[in-house]
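Each structure below is given as structure tokens.
Shared between the two complexes below is chain A, which pairs with chain B and chain C, respectively.
Right, the complex of A and B next:
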């Protein structure tokens, strides 16, 4: 019930309308051929190249939305003292946080589904309807990445202020989405910065890897079990954080 | 029904509650009196278990159900009053079979009808009454009301005070946190006067109070403490 009410409140937020607008815009750009990838000066309109590109854009947008939707749920509850009326009814703090995290995850996945519906439109308009069926497991696979971002943001919002949690979440999300680029930087940079990049890559989730594996499900119909298990391990870790971290009453 | 002994609560450098002791008897309306920053809300939060005291104890008789109405109530704006009550009834695990009748009767008691008006369209007075109603869910023996008349107009205040009087008559024990002395004098039996976390004195409705009204007693104690 707590999760349901928190979810209903989330989907009424103005940020949710931005999801529809952004999804429609990305779909329009890719479906009408307005988006082109240029290789060696030649414009590429091939489905096999454009589809993963669209998936990357959609996933990055979904991750950003997951941060926006998950960031202020817990701080707002404490600020408005709505938590007090829950706690005095015998609901434990950890159970309450889990319920709010579920609301965050559900809202983030719904937003991800809206973005993914744009991808489905692109698959149909690019005359590859047979791959539409693969979009479903691909959505579920890439959804793990969205769950990670949502859980991570929720975890941080328990411990830090809204602003600090937002900044850290965005940094984690960007490193995750641009994981290969950080790997490249790690290779280039030496000394302390190289070690920092190495540590970041070791600790933070590879959101790009999850999204690539989800893309391969549609384009190559292959399933990467290893990346999925690593992603699920991050889900487990952040879920543990939701239970263990505590926020003090003002 | 409730006993607080030597409560101390500090926030970094500030002492919010300093060696506070009092007991609340069954069936009485007990006041926590004091100006802003006196430590009244902190005391309530300690009693409710929302925050921990640095030292001291709170003893509440076993099995006592507690209802709480916060000072600035917030409810999901897209719900109606009835739906809000349903939500808290579900959270409080009130049996489904009892919910409808209980919610309808409580909304009637506080003067809110179970209509389709959303909480976002509620006036401040209606919100306070809804907060009151949710506090009464599950038929609690002990009610803790934090500034229930804050921000209300004269009529709204009269209605709330009348409601508290009715609850007292029905045998409920009430802890009322307020800085509006006329409200306290009207409805409370006893209370403690607090200033900057310290208990300055006790006030009793039917006691002699040295011929002083509550207002005079309060000003004398607070003024004396500030000098």
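Right, the complex of A and C next:
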């Protein structure tokens, strides 16, 4: 019930108009052939190359939206002292926060679905309708990454101020989305920098890996069990964090 | 929190962690095995090229995933995989002498995908196989003609490849006329490769020779030395790589090799193109040139000899 109310409040916000507009823009760009990937200086419009690129762009946008939708839910509720009203009714703070986190996740996944529908449109306009069936499991798989971002942001918003939580969430999201680039930097850098990159790669979730695996479901019809288990473990850890972390007002 | 809830929560965590651990790929990945097997299956294409006794399976192929080397050693119709600590850290293909034998060393395909993915490109199995063949050719060069190859550099020492690249770049930046002449030479070679009339080819090579002499006079001795090295060693390896690619994917061959013969690049890359073009022209003049080539002469000198220029 708390989750439903919080979710309804979210969808009333104008941010979803931005989601629709962005999804439509990205779909238009890729479906009309305006988007191309350059390989060795030559433009490529092949579906098998552009589809993963579009998936990357959609996922990055979904992750950013997940941060935006999840960031101020809990701080706002505590600011309005709604938590005290809930506590009086016998609902524990941790259960209350879990309900708010569920609202955040639901809103993030709805936003992700809007972006993914753009991908579905691209698959159809690229005359590959047979791959549309694979878009559903791909959405579910990539949705795990969105859940991770949402839960991570929610977790951080419990402990830190809204600004700090936002900055840290964005940094974690960017590292996750550009995971291969950080791996490359780790390979090139030595000494302390190399160790720092190595530590970041070990601790932070590989959102790019999740998105790639989701893409492989569509293009190669392969399912990566290992990445799924690792992603679900991160969901588990962040969910635990929401239960265990305390806000100073508690 | 109830004890039962704690137990359930812990069980879920242990279950997910166990799932992550037990599904983690260990050892050499299937995709790297597939790339090696694809490369080995292309021996027929290497045989068609014509370099004497050039076999991929003569050389161990070491796949480096950043943490370990997985050395694939052929044994008849199959191969063994030996795991060891990395002998060198590399983000590109190379060769390395291990216990007196030259080995091909390539990054794992997943690393290559990450590397080229950063600049928005893709890296497929065929490209990995072609890279293996390119490096295997270097193993063959060094195993059979090491003295001739080492003598190209003379008394100069260019152990640091980046130094060579920097030298070439600075020379061509200081001498834009040299770059312009190089472009004209590439165009002439490209035209010759597409030309059927030997007399026209000869005329073009006469022009090429004049341009070459003019260009080389603008460059330092070190740069000329490096050019000879890269053209002979990397140019021929690039040619082998292109031939392998042609047997796998005619479209990729056309877009990445054939259509780029006249393309000028910065650094040492232009010598890969130059050497490849010279090899392709030699194929037109004498298809058996490879059976006797021992890297003691420039490829262009062979062309001059065959045309009487």
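Just so it is clear, the second predicted complex is superposed on the first by the 249 of 250 C-alpha atoms of A that agree within 3 Å, B and C clash if a C-alpha of one lies under 4 Å from a C-alpha of the other, contacts with A are read in each partner's own complex, and residues count from 1 in each chain.
What we mean here is this: a contact is a pair of C-beta atoms (placed from the backbone, for glycine too) under 8 Å apart; a residue touches a chain by one contact, two chains touch by 3 or more.
All values reported here derive from a predicted model rather than from experimental measurement.
Engineer: Looking at A:229 after the superposition, I want to know if it touches chain B, chain C, both of them or none. Which is it: first, second, both, neither?
Structural biologist: Only chain C; A:229 stays clear of chain B.
Engineer: By the touch definition at the top of the document, which applies to A:147: first (chain B), second (chain C), both, or neither?
Structural biologist: neither
Engineer: Go through the superposed model and pick first if A:81 touches only chain B, second if only chain C, both, or neither.
Structural biologist: A:81 sits against chain B, while chain C stays out of touch.
Engineer: For A:26, using the defined touch cut-off, is the partner it touches chain B, chain C, both, or neither? Pick first, second, both or neither.
Structural biologist: A:26 contacts neither chain B nor chain C.
Engineer: Once chain A of both complexes is superposed, is A:2 in touch with chain B (first), chain C (second), both, or neither?
Structural biologist: After superposing on A, A:2 lies in contact with chain B but is clear of chain C.
Engineer: Just checking: does A:89 make contact with chain B only, chain C only, both, or neither of them? Give me first, second, both or neither.
Structural biologist: first
Engineer: Examine A:240 and indicate which partner it touches, taking first as chain B and second as chain C; both and neither are also allowed.
Structural biologist: In the superposed model, A:240 contacts chain C only, not chain B.
Engineer: In their shared complex, at which residues does chain A touch chain B?
Structural biologist: Interface residues on chain A, with respect to chain B: 1-2, 5, 8-9, 12, 80-82, 84-91, 248-249.
Engineer: Note which residues of chain A are touching chain C in the complex, please.
Structural biologist: 37-40, 42, 49, 53, 180-181, 183-184, 187-188, 225-226, 229-230, 232-233, 236-237, 240
Engineer: Help me check something: in the complex, which residues belonging to chain B touch chain A?
Structural biologist: 45, 48-51, 66, 68, 70, 72, 74-76, 78-79, 87-88, 90-93, 134
Engineer: Considering only the defined contacts, which chain C positions touch chain A in the complex?
Structural biologist: Those residues of chain C that touch chain A are 9, 12-13, 16-17, 19-20, 23-25, 66, 89, 91, 111, 113-115, 117-118, 120-122, 255-256, 260.
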